[in-house]
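By written order: A, B, C and D. Residues from 1 in each chain.
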């Protein structure tokens, strides 16, 4: 059985895509501007935080931990499912949603923020022992 | 791409995943992200693969499969855990049939966070895994050089 | 909105005749499911015709070992639901056409839905305890 | 001595996108009997209703599956709203419909790509996914997520979409429709697709009904059944007819999905034309769901049932999902009997298996 070239309905599409620029986003070299709503990762600014622990209670995966005594606020990005409930419920507006995804990690880490340090907020990275 | 020296082949297994990260991983292979331009090919055969991409947490059944696939991969190999479920169990970590993250059963080298992990993050994760892979290959070579005189002695 | 559909109670010996009746009337088996209550299991079955469902509920005491006659000879589609109920609730279905013998849905804990397994919120120690001072 | 051999198929297999295990009993190259067994993706999600309260549970419901994520969330929220006696405001219901249809297009185009891959038609697979990516861009712009939408909540929706964005969506839907038409022609006419699918995996209308098939599998056998006819969300106000095909083979199932994508474009345009203004959510503070209900919706893969039982507590008593793939297992076994080994991947794919939905 022999098919002539025009029998294949895909031939037009193939010809056109061969002649045009590819649709590929050349990711590492060329980054597109993210949409305003894109859920990348949870960002935190400690300036106004009064450690009310609402975010920690609302977090469905317990990714956020708040300690009132030590005035620390910590997030475990490996648990976060980006539901953005904490962003909606924060009364002080400390928690925001960044459109840039958080980078891959070599070890599971918890980002801890402390009040003693003034702006820029310290971003110490503490490796936590695996369970 | 000068930073990529090897063409790694990847093996993908959806352990106990919700499909979200799996389709994002598949989206990486298709025109818009096209990781094949780096020489990365998705293979179905564990014996051909260098990088093991696991999505989703582990349960009793998938644990056996994941361990089996990991054991079949030739050295050097790298494990990349993709998505919140593979990292810690995510929203399902309290479910009775879920053990938790992939690191409960395998040594994980790169953790890609997100629910679902974005294709951009997955590409970043694979690039990080490549560095580790190259380092391991070098280490192996060095070890062989140290070991080989001992072997030839008797 | 979905129409208000009744949940009718059945006794154990009406279980098979009702299914036969619905099969004759051209109903389709929509689903079967169970709920574990304190002293009995509640099995729910839904038949559908012309976008309208009828649900039936039957109660099976936990003691002696719960048993329900299989409907898989009447509705061939019932075997997946019955195997699932067998694996999750520990019910027995005499006369099941395709019996996986408890290996349809393989789980870590056997018979997880019978009420013994409870899923509780995990408690975590506060963050500062695990983070060293800088 | 019997001449049959049992060949295990899966869970990790080059042609399988998801882990499902099949024991195929073969007589030479012909499948005598197929027995699927599952459990690789079972998480015990239904029991999580004891752990999460009924508002948090919407997050879990959405993560039952990453492909039909939005409709799972929608179904759960509508079910709980019904139990609470609350009705979502019209704009929320209409936006839910738009997102539901966008998610249907995304899912069907994804499936068409996977089907092309199973047929060995690599370039068609890539082109389908190119179009899916255009759809995902719309999802990302309106909701913020690519596969997990995260916009549905009990009482309404979490994010409004302004009219300017909706205008952009309408324009892009038009562009995607033109691009999709090309792909649709290939699926309809290409000899490769036809050779591999026509007459393969036959399911008669009587069998489909008896075996409890749902969704495109049922409609491809000529049975008119589309749960959207119940008129939940905005479907009651839209003009549309369920799509059916008569042949009941893999080609018919393929065509049903191709035509449903076209229909979904229509439905989205209708929704955008008549989008009501107003509130997007009602407060559910202090209200608790009481009673029990079975709620049915149409997913890309077919009818899905949610059984929700609650007694006025924070946590639901029982949450149960009967997913379309679960209902399609019995028809799948029926179709696999008597087919050739090389056709197994195609037949398995045409029920559009969604294993993580299936096992929950």
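The criterion applied here is as follows: a contact is a pair of C-beta atoms (placed from the backbone, for glycine too) under 8 Å apart; a residue touches a chain by one contact, two chains touch by 3 or more.
What you see is a predicted model, and the numbers here were worked out from it, not measured in a lab.
Visitor: With respect to inter-chain C-beta contacts, which pair, B-C or A-B, contains the greater number?
Guide: More C-beta contacts join the chains of A-B.
Visitor: Specify the chain with the shortest distance from its C-alpha centroid to the centroid of every protein C-alpha atom present.
Guide: Per-chain C-alpha centroids ranked by distance to the global centroid put D first.
Visitor: Counting in whole Å, what is the centre-to-centre distance of chain B and chain C, each centre being its mean C-alpha position?
Guide: Computed from C-alpha means, the inter-chain centre distance equals 37 Å.
Visitor: Counting in whole Å, what is the centre-to-centre distance of chain A and chain B, each centre being its mean C-alpha position?
Guide: Roughly 20 Å, centre to centre.
Visitor: Using the average of all C-alpha atoms in each chain as its centre, how far is it in Å between chain A and chain C?
Guide: 39
Visitor: How big is the gap, in whole Å, between where the Cα atoms of chain A centre and where those of chain D centre?
Guide: Chain centres of chain A and chain D, defined by C-alpha means, are spaced 27 Å apart.
Visitor: If you look at chain D, which of its residues touch at least two other chains?
Guide: Only 39, 42, 44, 47-48, 51, 59-60, 63, 127, 130, 133, 145, 148 qualify.
Visitor: Hunt down the residues of chain B that sit against at least two other chains at once, touch-wise.
Guide: Touching at least two other chains: 31-32, 59-61, 90-91, 93-97, 115, 118.
Visitor: Hey, what residues on chain A touch two or more of the other chains?
Guide: Residues 23, 60, 81-82 of chain A touch two or more partner chains.
Visitor: In the complex formed with chain B, which residues of chain C make contact?
Guide: Result: residues 106-109, 112, 117, 119-122 of chain C touch chain B.
Visitor: Residue numbers of chain D touching chain A in their complex, please.
Guide: Chain D reaches chain A through residues 52, 56, 59-60, 63, 123-124, 127, 130, 133, 140-145, 148, 150, 158-159, 182-183, 185-186, 189-191.
Visitor: Once bound in the complex, which stretches of chain D touch chain B?
Guide: Residue positions touching the partner: 11-15, 17-19, 39-45, 47-48, 51, 59-60, 63-67, 69, 110, 113, 125-127, 129-130, 132-133, 136, 145-148, 354-356.
Visitor: Inside the complex, what are the residues of chain D that reach chain C?
Guide: 35, 37-39, 42, 44, 46-48, 50-51, 82, 87, 209-212, 225, 227, 229-232, 292-296, 303, 305, 307, 309, 317-318, 320, 322, 326-327, 329-330, 359
Visitor: Which chain A residues qualify as touching chain B in the complex?
Guide: Those in contact with chain B are residues 22-28, 31, 40-41, 60-61, 76-82, 101-108, 130-131.
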